[in-house]
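Two complexes follow with subunit A in common, the first pairing it with subunit B and the second with subunit C.
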Partner chain A sequence: MLSSIVQALLNGLVSGTILAVPAIGFTAIFAVLRYPNFAIGSLATIGAYAGWYANVRLGWPLEASFALAFLGAGIAAVAAEWLAVRPLEKSGALMMAICSLAVGIVLENMVRFGFGNDPRGFNVPLMRDIRFGDLRISPQQVENFAVALLLMALLWVALNFTRMGRAMRATADNPELARLKGVEPATVAAITVVVGGGLAGVGGMLVALDTAADPLTGFRLILSVFAAAVLGGLGSIPGAVVGALLIGMVEELTVLLLAPNYRTAIGFVVILIVLTIRPSGLFGEKSG
Partner chain B sequence: MVNYLIFILVVAGVYALLAQSLTLSWGLTGLVNLGLVGFFAIGAYASAMTTKWAGWPIPLGIAFSILVGLGVGFLVTISTLRLRDDYLAIVTLGFAEVVRLVASNEIWLTGGTDGIAGVPSIVPRAWGPNYHITMLVIVTSLAITVHLLLNHLASSPWGRALRAVREDQVVAAVAGKPVVLLKAQAFSIAAAIAALAGAIYGHYTSYVAPEIYQPLITIYVFLAVTAGGVGRPLGALIGSYLLIGFLELTRFMAEVVPGVTPVQAAATREIMVGLALILLLRLRPDGLLPERNQRAPKPVAVHPKGTTS
Partner chain C sequence: MSVLAIEGLVGGYASADHIVKGVSMTTDAGEMVAIIGPNGAGKSTALKLATGLLRASAGKVSVAGADVTGASPQAVLAAGLVLVPQERNVFAALSIEENLAMGAYTTPKQVRQRREAVYARLPLLAERRRALGRMLSGGQRQLLAMGIALMAEPRVLALDEPTAGLSPKAASELFASIRGLASDGVAIIMVEQNAIEALGVCDRGYVLVDGQVVREGEASAIIADEDIRRLFLGGRKGHGQARAAPPSKPPPAGATAAASPGLP
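What follows is the complex of A and B.
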């Protein structure tokens, strides 16, 4: 029993780290553009398919496929932002959120139109699990974990040590002040959407690597992404990381103790509890 | 063909009920319910379970589903009504998924993914074509009744208070309106209307299963309400019939394109639905019938003789 709990926590650590990638994307877009982007699930799906296309159809190695997943989803995100969501800026965050949901439906079905409903597996070698006593982990999990960590490290460096990164954080903190300091809001918004969408795309590919890519890959992810972001505090990047780790572990423990089918419902329960007790989440700003 | 047309019109009536629900929560009060389909499902299950398995008479089952909708609607709003409105959007979106999850997995309660077949019908199915015509009359009059009630509510002091909450919560609170209570009332009643729609639909099609309650249904209702006019109950009513016309048109359009697989045809329809909503929000967010400002009551004796203003 104990070893299965430790195993669940280990699995949760890996899946939580992977979940952190799209959760950062969602929360970063919220921080800068001030609306919840419900297209995030479809962007993850686009990333999964872009990565699959590069890996299987073009025969690229996984590293290059990740780059295409990032670019494909990032470009789709910024195109949707410019064409559909941004024109509604004056109508308020809620209208933008509804519009992003419609965008998500369009994107998901463009994928379905192009590739059908069949699951698409990646071209990865089957390898034996690595064992530590009773614990086991697959080499693919280790690699995905490393990719997610590397991406987060890159993001941390970009946010703290580049001009654009600082401009993004400044805009998230106080848009008016950032504008007075000469930060161009449109550029910051565009780059945030590319990066946020790109992260969702890589997240989708990481999840698809474990199983397969299908048009609902991203949709199955969104409750966990929302839960991670709300638990950490909507708009907080460190919050999204911690939130994702906790959600990942709680989900794996749920699989162990409850019916595995309720894995995704955990996210919803966590959202309700957090919003009732501490709406600003672990690291969030005031949300009243 | 005629039977099909009648079937379509009954479905349109069910959407008209859902659109009235969304008009109350979103149009009048500004509370976005992205989990509308979840309440639709709960209503369908509540009435189907009580009438099929517990043998309740159908009117009692429908009344029960309205109560369940009211109660669950209240529960869903508790945690979010004091927060920014986008939190409610996230919670409701998740809620609809959880409803589908519970419906698929709690086999002892809901029949699981097989659903509940043979839900009792309101009038005998043996009537054949007359069955559909009778149902059309019932559903349409129900939609019109709910619409008239909502119209009445919208122009009442309560409806004005809801609109005040929608426009500016702080101002409404300063003016002494119980903002949280008003939101909870509006959202719960709206949820009850959606549950009623679900109950009726379940009894009409005689089949209730998790796969029916796709998130896309919520988008359809948003499309209907946006097309007809957000905040105008009559707009939502007309919008629902426009929606059904549009959905049939997309079915036709997707089928005439040569060399397209069924999956691609279905995807094309959903793309058209999504694009239609995006374009409407952009080009005509007020819809066909924009909300009218109520005229302020005529002030009595503004400048009585001998006083200055």
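What follows is the complex of A and C.
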């Protein structure tokens, strides 16, 4: 039993780290644009398919495929933002959130229209699992884990040590003062949407690498992404990482006790508990 | 020539909402000017109109001879007029060092040197350079807000109620720091509720009532004016809060009777 728990925690660590990538994208968009962008699920799907297209159809290596996943989803995100969501800005965050749900459905069906419903596997070699005693982990999981960590590290560096990264954090914290200091809100918003959408795209490709890309890849992800962001505190990037790790581990541990079908319910349960006990989440707080 | 010249400024939060009704003011290099008046007189609104945060419907604003009327906050900042807002004037989630870097966002050259210059002027910030904005006390936040503004190397510093919520000691220290800036040639224009204290450190003053300047002149003359003392300053020395009072003389043309004391 103990080894099963440790195995579940290891799996949870890997899946939580992967989940953190789109969760960071989701929470970053919320922090700067102040609305929950539920199209992030479909952007993950677009990333999965863009990566698959690059890898299988074009024969690109995975590294280059990740870049296309990021770019494809990032461009789709900013296009959707400017064409559909931004015109509703004056109607408020709720209308923008509902619009993003609609955008998500449209994007998902565009993918379905273009690629069909069949799952699409990546062109990666089959390898034996790596074993540590009773524990096992696949080389692909290790690679995905490393890619997710590398991406988070790059994002951390960009947010903390570049002028634009600092402007994004400043805008998320105090948009009025940021504008007064010369930050162009439209530029910061566009970059945030591209980066947030791009992260969702890479997250979708990471999930698809573990299984396969299909039109519902992102839809299955969105509840866990939202739960992770709410648990960590909407708008908090460290919160999204911690929230994703916790959600990943809890989901894996649940499989030990309940049928895998109930795994999806974990997201709902976590959102319910967090909103009841600590609505601002683990890292959320009001800035002053 | 005045570094900041505001002529006939009109405007408010909405295009038809004229809180400020034709205000004219000037500030010279190294001069400290106070804007005092009762609540709702349009003091802060005038600063927001001058700095581009609100769009003026009439009037002219120039900084060192450059016309910045109707310009964006970024353009006004580039011209050298920097506003320090009354509230939410620091980035709470950023460290002091990062806050200062944001002050130099539009002019990202020699940031380190400028930051060290700010630390030299405001040593308290240097001691806590890694601290987040949200961890600072009210007085420290105001100092940081000034430090952020100084990073842009302003010609004119517009301060909106810099001592609001501060203890008398902290307010006094802050005024001393502001005086130091003026001594180095920065023009200061500040809105203050602590009218006596503000006039005590400033060279000149403007009294605003109902969006209009009803009195201007040497700060010492305004403090000495019995009408002003009685109407706005509580009528006794050391009483810091400006107060609106019923008019004792006919109000100026266009002013409402309730808010306009009709000072000469």
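Rule of thumb we're sticking to: the second predicted complex is superposed on the first by the 285 of 288 C-alpha atoms of A that agree within 3 Å, B and C clash if a C-alpha of one lies under 4 Å from a C-alpha of the other, contacts with A are read in each partner's own complex, and residues count from 1 in each chain.
Everything that follows uses one rule, which is that contacts are C-beta pairs under 8 Å (C-beta built on N, C-alpha and C of every residue); 3 or more make two chains touch, one makes a residue touch a chain.
What you see is a predicted model; the values in this text were computed from it and never measured.
Undergrad: Between subunit B and subunit C, positioned on subunit A by superposition, is the outcome a clash or a fit?
TA: fit
Undergrad: For A:261, using the defined touch cut-off, is the partner it touches subunit B, subunit C, both, or neither? Pick first, second, both or neither.
TA: first
Undergrad: Rounded to the nearest 10 degrees, how wide is the angle at the Cα centre of subunit A between the Cα centres of subunit B and subunit C?
TA: 90
Undergrad: Touching A:102 in the superposition: subunit B (first), subunit C (second), both, neither?
TA: So A:102 only meets subunit B here.
Undergrad: Looking at the overlay, what does A:71 touch: subunit B (first), subunit C (second), both, or neither?
TA: Touch status of A:71: no partner.
Undergrad: Output check: A:6 vs subunit B and subunit C. Expected answer is one of first, second, both, neither. What do you get?
TA: After superposition on chain A, A:6 lies in contact with neither partner.
Undergrad: When the two structures are overlaid on chain A, which partner does A:176 contact: first (subunit B), second (subunit C), both, or neither?
TA: second
Undergrad: Count the residues of subunit A touched by subunit B and by subunit C, then name the partner with the higher count.
TA: The partner that reaches more residues of subunit A in the superposed model: B.
Undergrad: Look at A:276 in the shared chain and tell me whether it touches subunit B only, subunit C only, both, or neither; answer first, second, both or neither.
TA: It touches subunit B, and subunit C stays clear.
Undergrad: Scan A:216 for contacts with subunit B and subunit C and give back first, second, both or neither.
TA: Neither: A:216 stays clear of subunit B and subunit C.
Undergrad: Shortest C-alpha to C-alpha distance from subunit B to subunit C once the two structures are superposed, in angstrom?
TA: In the combined three-chain model, subunit B comes within 15 Å of subunit C at the C-alpha level.
Undergrad: Which residues would you name on subunit A as touching subunit B in one complex and subunit C in the other?
TA: In the superposed arrangement, which is not itself an observed complex, subunit A uses residues 287-288 for both subunit B and subunit C.
Undergrad: For the complex, which residues does subunit A have touching subunit B?
TA: It comes out as residues 35-36, 38, 84, 87-88, 91, 93-95, 97-99, 101-106, 108-110, 112-113, 116-117, 222-223, 226-227, 230, 234, 259, 261-262, 264-265, 267-268, 271-272, 275-276, 279, 287-288.
Undergrad: Please name which positions on subunit C make contact with subunit A in the complex.
TA: Subunit C reaches subunit A through residues 51, 53, 73-74, 77-78, 83, 85, 88-94, 98, 101-103, 105-106, 108, 134, 148, 152.
Undergrad: Using the touch definition from the top, list the residues of subunit A that touch subunit C in their complex.
TA: Contact set of subunit A toward subunit C: 163, 166-167, 169-170, 172-174, 176-184, 287-288.
Undergrad: In the complex of these two chains, what residues of subunit B are touching subunit A?
TA: Contact set of subunit B toward subunit A: 30, 32, 34, 78-80, 82-87, 89-91, 93-95, 97-98, 101-102, 104-105, 216, 219, 222, 261, 263-264, 266-268, 270-271, 273-275, 277-278, 281-282, 285.
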